[in-house]
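Presented sequentially are two complexes of chain A, the first with chain B as partner and the second with chain C.
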Partner chain A sequence: MRTSLRMRALASVAAAALLLSGCSAGAGGDGGGDNGGDSSGPVDLNYWAWAPNLDKVVDIWNTKNPDIHVTVNKQDGGDPAITKLLTAIKAGSGAPDMIQAEYQKIPTLVASDALADLSAVGANDIKDKFPDAVWNSVTLGGDAVYSIPQDTGPMMAYYREDILKANNLTVPTTWDEYAETARALHKADPKVYLGTFSANDAGWFTGLSQQAGASWWSIDGDAWGVDIDAEATNKVADYWGGLVEEGVIDNKPMYTPAWNKGLNDGTQAGWVSSVWAPGVLSGNAADTAGKWIAAPLPQWDASNPSDGNWGGSSTGVTTQSKHPKQAMEFITWLNTDPEAIQALIDTSGIYPAATEAAAGALTEPPAFFSNQPDFYDVAAKVAQTVAPFTYGPNVNVAYSAYNDEFAKAAQAKKKSAFLDAVGAMQEITTADLKKSGFTVK
Partner chain B sequence: MTSMATPLRTAGGIRRGDRSKRERVSVASTTILLLGALYCLFPVFWVLTASTKDGSELFSTFTLAPSTHLWDNIVQLTQYRDGLFWRWMLNTALYAGLGALVSTYVSALSGYVLAKFTFPGKSTVFKVLLMGVLVPGVILAIPQYFLMAQVGLTNTYWAVFLPQIISPYGIYLARIYTAASVPTDVIEAARTEGAGEMHIFSRIAMPMMLPGLVTIFLFQFVAVWNNFMLPYIMLGDDNLFPITVGLNGLLNQGATAPALYTLVITGALLSVIPLIVLFLLLQRFWRVDLAAGAVKA
Partner chain C sequence: MTLLAPPKAPADTAGSPLGTRSGRRRRYDVRTRIITPYLMLAPGIILFAAFMLAPILYTIYLSFQRTQVVGLGLGSGARKQVFAGVANYVSALTNPEFAASVGRVLLYGLILIPTMLGLALLFALLLDSRRTRAAGFSRISIFLPYAVPAVISSLLWGFLYLPAVSPFYFVFDKLGWDVPSVLSSKLVLFGIANIALWGGVGFNMIVMYTSLKAVPTEIYEAARIDGASEVQTALRIKIPIIAPALVMTALFSMIATLQVFAEPTLLRPLTNSLSTSWSPLMLVYRDAFTRDNIYSAAATSVVIAVATFAVSFLFLRIVQKRAFGQED
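After this line comes the complex of A and B, so read on.
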């Protein structure tokens, strides 16, 4: 039953997309062009991606497969690439054959008719290589396959082990313990914080809400629901708002020069982050190598562990590609072949979504965590507990609402402002869905 | 400027009182100018010291204390993705340098025609041109993308090069300069001698307009250099990026990768050097031009 409901909802998404893009369809809407895909002779495929050194991984493919040559065009992070892709889709030409798409972007791309359905070119054959929850996020629960999972970002917590030890503190396992540890640490040295609440990183807050049991969008019949202002999200906002109001957790955003300085000088003694954190830490605070310890996120209910996702992406084929079959062949290799997986881990530093193929390759901890041989055991354990979450077609609107509203709340340092911000996100996101022509319940 | 002003004043005969008064004023204005210079040069000084620090020093040592890693940073920047940085520099030289050169020629030709020929619709063309001056380039980036997509030229050198060749402001300036510096009598004399129109333009009018053309070139060079939106939207392949879009990309690697601060700072330092050289070299023409205008007025 559930599946058919979802499909109807998706049909309405697609219909809305047709309405939206109707004016530009005449220019070059030759669609998937799957008929042209069987032509013999070498083909050139263009691939927009931002994972570091991905071109080196693709070189391995190119030397082995002279008939399907793939060129990587490196992009800036996730958002600009998607914006560019949507512009190219509207214009009717200029899109690449393949795109690296974060999971939360897939509903948006599907609504704009940007991603080709890969089930027609055999995507379901590799379904078993990926965990069900991850596969679900590239099919959106329907029969079509819009993208192939590449990596995931189960959230983890990182602490400066030396600083905790010096203060006779241990790694917290519950959020209550995390708050206690933050208080003790800040009391011992008012300059030191166990972490920061970042009003710049909507994906981070989404992951924390996901862990608490939130799912911000839902599909019911042919209607979308927005459930941001729900108990789970409010619990997370209330918790962090309380810590910020108390002053024991910093209120500065992450990824700023000031935050980098904190990581280097130890005034940021912890980071609630994700499995890919070693790459960021080694780039931003190279001198602190070996001083950190990775742990599962603190839990709300220790007897029932849960986790959220921050980051992670998939490889999709655009509707403007003339060679979806060859693209699928390459994507299958890139995301499931043991040699490719090994190269993705070694040179791109990602945490592959194809868990079984990755297990054999993830034996050594990242160099930055050489002090913690079981790093990837911790990661594998928490990856099992990632809670289900549904993304909607206007994630970008919800995320920018987060940035605007929580920036004010973090500045105000008031718990009530954090809860107001959740309410505002709900309102803005719902209003935008209605305005874009979706049925909203 | 001073060398021109002084003889004039001496010829007029300045009394002692005037001179001392003038010096007092110049102390105040010199102070203001020095403060202005400090305001402008301090960030440059910051870039200079910051580019000598390595990744961890950048966020931990005193802001203005220089370190010893400038060369390491340059080497690192050069090694980044097999020398991509220098490719960006070359691209910028191509877009801004060659682009401004071609644009200057087109502007000169159009401005010359508008100033020296009469043809039906001339004033309409000029009015439309004036309206074009009022439209900022940023607004045009998206429509230009759609136009380029129609002819399948997005994500190529042409996508950034072609739209910036036509500069309404450049044409407007060229028209003014032509009117001021190329006497109609000279053109008519050349015609009587039997010279072709293109010949008159390139051999007689262009050299007379030269100082003005240098100004147009510099304006256009800076405009292309500063136009971030156009290449940002048009290009997907980072081998085609100009330096501005490339450096911006190094800072926005997404949440899962560290921002490459030291590389960006070193890159910024290296990228302003050609600009400084260009301005120092062309300054002579610029000055002659200002003086020429002053005398005529």
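After this line comes the complex of A and C, so read on.
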């Protein structure tokens, strides 16, 4: 009796130990690509991505390339995927071979040594397929290539054409005209706004500042510069702060049930957004299909058109991957091959970064904009004018400072509070860099 | 707590039924008697060490570290983890955002805990009163919100708080009332307290009701014979008798208050009046996962844990004498 009890206790200890080692083995195996060397035999590659239906595009590759099998591991979105990757990098194992990374995340990933330099496996051969400004954001201006561009998000403005017409208004081409239009609309019906200033979307404000000529970070030798509190950003903050203070632009965040309702019932009669907006609008306000018109962003200087970027991502290879060569082969196909580009447009609904390959594929407007056959001509035109912008190693800190500081400002509805928020962003971002030991000029 | 202590075992008869074995046998017995309990405890100890103790020790270790960057901080070897001394603790304790978040949850607790426990006690007493009808149904309906996860209830209430989509505001609008948004900066604290209240009353009510049920009915009979009314019985007999349950629910509520996270985190995207550092745990979450500074987040976590321990201990010391006094 006693012996059997002791045996049972021992057995449960052994079981617990097995359970523990099982856990750690599971975590280690997550990285994939454990089989063999770099040259021969089929290779398994793991790919963390969140673009919708990307697995279907990858299926095309898998049927054609039995030697390099790619498994898409669906992620919740840009932020959670990066958080998970950084954790795996810190842990030393568990990272995938490839990762979908937004452009503003690249410096953070490079700073954590998460992305492999692809110039060693021939990344520079496909440099010509992408616009210079986009390529610059994956090299950070140096010799290394940390990622291959997949899609971009040139900003565009969207308006309810029927509502503008009913009020005898036209699509604004400058920010002054946009303000006038917003005033006129709101005066005609105090419930209607031409747009909203969203303190939740730092990327949106970054794109607007980029259009005005801001570049929030800079590299000078071995030092980083932070230039958030500069003339261009202040111009944008002053403009929107003025409209919010006046009350002709809404101050509530985007992507809330209330905002969705506004898109549906026309109380949000416009949206300053990006080339991917049709996907969001068709999901959130399907019944308004055909009532919208897409246009370039209003301009600060109509004679010198400029644009900002909101969204867009690239494909990087992690430093934990054992097969960077094969990964590069797949990424090159995914982001430059005409068949892959066509599939990305059709099934994932993205705006590809490889301009030439995309031009042939983007002939039809998105279904939601069937009333506007030249939708992609407008997009191609504004994509050419995207202003250069450098992201720094602590975009996450600057963005979270944006959320908090501009939430306060939007709540206060004071122009001066908007300008204070820019100052606070500058201060928080600089202090964070200094605290980590960066040299800040 | 002392109520729960098991009755003393009558006598140690199970251990050694016969005291007349050979010396060899006895040595074996002693050894097994010492080793066996540990072997049987081992699964628990191992799991506790692996999933509780190790993370806590690791958190404490991390709280004394920081990142040191070389040059531009790009590429391999550009970032090192170095010893930081108490720097993380100093910055956690001097951070105005942390002080502000603590202030907010204290105010939140002052509003929430008395209201929640007061309502829970009221419902428990009503359910326990002799005249109650449909007690089973009422008990379940009051308890049911507790079964709704905080994430779901926050989303539900979020919808109800947004004037543009809320049926309440639709009615207010039709009546011509100008009701300010619950999500505005002045009222958002009450909005969050309301979600916690809605979910928490039922649980606390059940705890109190259960301990009311454990009271021998002879006491009530005696009170009735002495001419005590229902209200007098409740105030003079029921409440004093269930005081230990009240203390426990108060303690659990205080700890839950200090750890409020899900409700404000889920309401945040809907409004400008909640910051990413609204509550102490939101600040920890932001530092660790948004700002990628696990060292500072670890230090803040340790401060919160120590403060929670201190507050709980102090609270028990102050009220224990009164609540459990009669049992000593």
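Throughout what follows, the second predicted complex is superposed on the first by the 404 of 441 C-alpha atoms of A that agree within 3 Å, B and C clash if a C-alpha of one lies under 4 Å from a C-alpha of the other, contacts with A are read in each partner's own complex, and residues count from 1 in each chain.
Rule of thumb we're sticking to: contacts are C-beta pairs under 8 Å (C-beta built on N, C-alpha and C of every residue); 3 or more make two chains touch, one makes a residue touch a chain.
All values reported here derive from a predicted model rather than from experimental measurement.
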### Query
Can A:136 be said to touch chain B (first), chain C (second), both, or neither?
neither
### Task
Classify the contacts of A:218 with the two partner chains as first (chain B alone), second (chain C alone), both, or neither.
neither
### Contacts of A:50 with chain B and chain C, given as first, second, both or neither
first
### Message
For A:257 in the superposed arrangement: first (chain B), second (chain C), both or neither?
### Response
both
### Query
Between chain B (first) and chain C (second), which, if any, makes contact with A:347: first, second, both or neither?
neither
### Message
Is A:167 touching anything from chain B or chain C once the two structures are fitted on A? First, second, both or neither.
### Response
neither
### Query
In the superposed arrangement, which partner chain does A:62 touch: chain B (first), chain C (second), both, or neither?
neither
#### Entry: Touched partner set for A:76, first chain B, second chain C, both or neither
first
### Query
On chain A, what residues does chain B touch that chain C touches as well?
255, 257, 261
## Note on the structure
Counting only contacts in the complex, chain A reaches chain C at residues 2, 5-6, 9-10, 12-13, 15-17, 20, 79, 83, 86, 107-108, 110-113, 117, 140, 142, 144, 199-200, 219, 222-224, 251-253, 255-258, 261-262, 319, 393-394, 396-397, 399-400, 403-404, 407-408, 410-411, 432, 436-439
## Note on the structure
The chain A residues in contact with chain B across the complex are 27-28, 46, 48, 50, 52, 55, 71, 73-78, 80, 84, 87-88, 90-94, 96, 153, 201, 203-204, 255, 257, 260-261, 263-265, 274, 276, 279-287, 310-311, 350
### chain B residues touching chain A - in the complex, by the definition given at the top
55-56, 58-60, 81, 142, 145-146, 148-150, 152, 154-155, 232-233, 236-238, 248-249, 252-261
### Touch list for chain C against partner chain A, complex
32, 35-36, 39-40, 42-43, 46-47, 50, 66-79, 158-159, 162-165, 185, 269-277, 286, 289-293
